[in-house]
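Note that the chains take the letters A, B and C in the order they are written out, and that residue 1 is the start of every chain.
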Amino acid sequence: MSRLRRDPRAEREAMRIAGGARPRFSREASLPVSARPRRDPRAEIEALLVPGGTRPRLDRLSRGGVRPVRDEATSPSESTVQTRIVTEPAFLVAVVPDAPGGRLTPLDRQLFGAAHLLAAGGGAVLALAEPGHDDLAGVGADRVGPLAAVADYDPEARAAAVAQALESLNIRHALFAETAEGGDLARRVAARLGEPLFAGAESLTPKLVTRPARGRRVEQRRAPPRLVSLVADSVAPYGGASCEARAVELPAPVPTTGAILSAEIILADPATVPLGEAEFVVSAGNGVSDIPSFLDLARALRATPGASRMLCDAGLMPRAAQVGASGTVLGATCYLALGIAGAPQHLQGITGCEHVVAVNTDLHAAMVERAGLAIIADAHAVMPALIAALEDEP
Amino acid sequence: MKIVVLFSAGRHPASGAPCPVPVELQALRLARDLAGADEVIGLHAGPVDGAPLDALGHGLGRLIHLRMAQGDDPLPALAQVLEELAPDLILAGRIGQGGEDGGLLPYALARRLGRPILADAASLGAGDDGTLTVEQALPRGARRRVVLRLPALLTVHPAAAPALPFTFAAARRGTVERRDIAPAPAAASEMEERAYRPRPKLIARAAPGASAAERLKAATQAASSGGRLLVDPAPEEAAREILAHLRGIGVLRRRG
Amino acid sequence: MSVGAGLAFVILGLSVIAAALAARRARLWRAGQPAKIDWVAGLLAVPKRYLVDVHHVVGRDPSAARMHALAAGGLLGGSGLALLAGLTGSRLVWAATALLFALALAGGLLVGGRRYPRKPARLSGGKFQLLPFALVAYGAGALLVALDAALGHALAPLGWIGLVLAAPGGGWLAFQIGRGPMRHAFAGALHLAAHPRPARFDGVSETALVPLDLGAPRLGVATPADFAWNRLLGFDACIQCGRCETACPAFAAGQPLNPKRLIQDLATAMQPGASNKAYTGSPYPNARPVAGIGGPDLPIVGAGAMIHPDTLWSCTTCRACVEECPMMIEHVDAIMDLRRFQTQELGALPEKAGRPLAELRYADEPGGRALAARTDFAAGLDLPRLREGGHADILLWLGEGAYDLRHGRTLRALVALLKRAGVDFAVLGEEERDCGDLARRLGDEDGFQRLARANVATLARRSFGRILTADPHALHALRNEYRAFGGDYEVIHHSALLDELVAAGRLPVGALAEARVTYHDPCYLGRYNGEIDAPRRLLDRLGVARVEMERSGRRSMCCGGGGGAPVSDIEGDARIPDLRMGQAKATGAGIVAVACPQCSAMLEGVTGERPAVHDLAELVLMAVEAAPVAEAAR
């Protein structure tokens, strides 16, 4: 839809035949091609729209650096390029995604968004990742530097490979994920290179990165240094055209001798993981009397079972499963409350839960008010339906 | 086994008062459980010893305080003393609370001492002939059991056993050894500081794979104040809604 | 030799034996620490303390009072007179002796009637079950001897039979002085003279804990020898009547605490090579296994000692046991001393109690929240601050409850009432630190003293008339416990101030919609500070029908929120607030009036159909808002 922007004055100038008192124009002259694409105000407004809320809200300031990334050079156009191609990058912005098991996490995608912010003005985004990833081009990698695969758990070998890549290529910035794995890697690389790491950045623009310090009482800010690690949900993922993901050659890794003799992963069993550490807790209250089917549901959802005080007092669930001020205070992402009215002490136990889903017969229960999704129904009817729905899926 | 636990000058996030960093106290407990209280030495480099001194109350018997000027680089002094002490194991918190809070120092120290470093230890067990079994805390309660050759440096994760409570008598008994160290001015920083202000977070999108109508609903209703309410739906519909919601949040793990 | 003289000889002999056994027992107390005791005043006060204070407690159960007066009075009076009679041979004295022994016999029969055919659960068995037989034998035998002597040996053979009966009966009693049921007689009398808190007999609320000397070589009590000797004496005064266990909320909830057993374990532990096997009363509910061995210099607390730590941490420090104890034993002081050692020397706290104490240490607030957030409940209300050097008539101490959403409503009501009544008040704002009650009850004396000193210093820089608080725990700390740190304040609970204001007509009140209200006494207001009338007066002024629960006033039952019990969280069969709410429900009241943030939090936590929970301030505000418009518009 969007063509390149026309410049009528420049076109006229190009058609003008030199000489003569009166201006004369030649229709045959080749028209100059403007470098600037045509603007589409409607699409721009749409991009600024903040999702959610009944009234449309536009985020023009994007103070937090949460800004949908649109690359000016590759604005979506049917007639022009489908793929963003940077032939001669002025510099590189490296992204080192976590990508556990070769799958990019949401934070990894956000890293690419951040990298495109930093690469504006002639840079290209380089993904430093082990081979065998899902679509790196789609998430915004102009270049891909294949890191040598590290067979076993050897973070130091990986750090050595990344550090080597950073030294050998013209890399202006390198972005890491501030997670357990990515944060560890970033610090190892920083220590290897003897460079400072801007750890745990909470906002990022080409001119400014910020991070909390001194027990989150102070915000440190500066122009982005070379090594930055980014926390989740601070920059939007790359939303522009697909990139070419051209492979670049990396120097061969120097073998290191690690001190790690063996490593094995022990997966957390949702049934036994401590309630406070569990990510997803499904909890039963006074409205649930069929404990076996509740436990079946917890297994089917792969959630950690919890309970209200009433059930624990009644001896139907172990005391360790009790959620609330006098039981366990949760750190779960999601809390599914079945038949729990929500006594104040119980709600205190789930203040840290980001999402709450409630199933309760009482429309006026406090838990229903707290929930992001509330179902007014008997938990005993919903539980078997949930189990059945889970079994039906592939 | 000789263990040195590194202590930083922590501050309480709410009160701003000097306060030991909780995860360093957990490191102290891991060290005590592994080697016994007498084998553990605390080490701190900084201008004052306010917060690390409290570690004595939490079960540290002996603290070495390297006195340095405000703004000096603690790395050379720490490295020097650690080389002299030559402990089998060095423990540090995974991240400080009250300083830079970047968690970089243990890595720089390990590099300087030429020791391997392993992050996020949750529990420790002594192995045979100079090895150590470390359970590393991974996200979502998973663990990685790593067997490591000593000497090494470990950072400790908050999932480790809780710190010992402050005991007044222990604080009275503990000893502090103060040493003055040669000044080592830190490199000038371009960092500018101002009062902390929470940054806006990305707003969650509708569940992927949901229908257009659902996406519209998610965009208009779910993010608005109260939340979505379904009164007396059919159980199947309720189940579908719940699963779609859970998937939108991303907590539902796929089978297999 | 006459039979009368024989009895006198027997009594003399038994007295010597009893005295020797008592002296042997008393030597055990010498293991304890020295104590400063005003012996002259103490001994002179014994009759008053015994006849007034002890009788006041015993008399709550009139049949027990009768029984004890007859048995003890008859036994001691009869035996004393018999010695005199044996010396003089006067038939008149013998007649009086016979009368007294008849009373003793009646007492002995009453003791038997209480224990047979079925022994109440709170009473101990074992040797205690033999007690009525010995009393009856001695009383009846001596009665025969005295009658015989009074009648000039008219009953000649019966007198001898009586002596044969009285000698073993009396002998058994005398031999029980050391370790048996009769120990309470001499230890109790001495305990009244050498009581560690003599002021409690002078009508003073003597409930403040004694500050711990933080420079002492050992903090708190680890072994029986660490107790002051008169505290050891106090443990020996226990008669195992079990009134404490019926009053104890933790016992009722099935937590492993039984105050009677605790005192018995402490009394046993002071003997070398002690074992807890001889105890015959009801056990700790859901008792945790312990080795049950002890000695004067062996640790008291621990799985390998006499008392399991869970027992210690089950206590809500509500003082119900102390209130009920006829022997004036200070159970809570003993528990606090033991806790202090656990916390200050060993750091052996219940796991969840460590965090609030750490936050108190580093943030002056057990939740680790910013002190400035304490006034967040008053968002939108104009809350005057008392700055350094400033003055206010009333300093409103907000306390820990201000952070709690539920209690915040109460405080908003209180602030609204103060404004309506035109009271000149102010708060400290972020200068107010926690009062330290939680730290102190959890045995963290160092933490308490630090907070107390800081708060006293803050208050010293301001001028105010009275301190007003809605938190009885803060009230107790500020009023009674800060005195040792140089803080002497007039502290008033909001129930008393509101009562004053309503009485003075400064708060015109209307009638409440809910007519039946029952009032739950906070332990730290009622038992600790004796304030049980003002809240009731206030409720009566609101025109509600006030109904009383089964336990109220000074004998009220705890909500389970004191003494750090919510953070210690020792598992039992039931929860204390559920039990208390059950009592409230039984009154048929629609509202439970509370006067303490802990009580409102604990009782609000009770689920199911139950009366509503409202603080007094909320009720007064409701009544003020219900007042006729003309008056309210004034």
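The criterion applied here is as follows: contacts are C-beta pairs under 8 Å (C-beta built on N, C-alpha and C of every residue); 3 or more make two chains touch, one makes a residue touch a chain.
Not measured: the values here are computed from a predicted model.
When the interfaces B-C and A-C are ranked by C-beta pairs in contact, the top one is B-C. Of all chains displayed, B has the C-alpha centre closest to the centre of the whole protein C-alpha set. A straight line joining the Cα centres of chain A and chain B is 22 Å long.
Computed from the mean C-alpha positions, the centre of chain B lies at a distance of 45 Å from the centre of chain C. Taking the mean of the C-alpha atoms as each chain's centre, chain A and chain C sit 59 Å apart. Annotation for chain B: residues touching 2 or more other chains are 12-13. Residues 214, 219, 343-347, 349, 351, 353-355, 357-358, 361-365, 368-371, 444-447 of chain C are the ones that touch chain B when the two sit in their complex. Chain contact summary for the complex, chain B toward chain C: residues 12-15, 17-19, 22, 54, 58-59, 162-170. Of all the residues in chain B, the ones that touch chain A in their complex are 10-13, 16, 97-104, 106-108, 110-111, 115-120, 131, 135, 137-149, 152, 159, 189-197, 199-203, 205, 219-220, 222-224, 226-233, 235-236, 238-243, 245-246, 249-253, 255.
On the side of chain A, the complex with chain C involves touching residues 286, 309-310, 313, 319, 325-326, 341, 343-345.
The touching residues of chain A, counted against chain B in their complex, run 50-54, 63-66, 106, 110, 153, 155-156, 179-180, 183-184, 187-188, 190-192, 196-197, 199-200, 202-203, 210-223, 225, 233-236, 258-268, 273-274, 277-280, 301-303, 333-334, 336, 354-355, 357, 359, 363, 368-369, 371-377, 381-382, 384-386, 388-390, 393-394.
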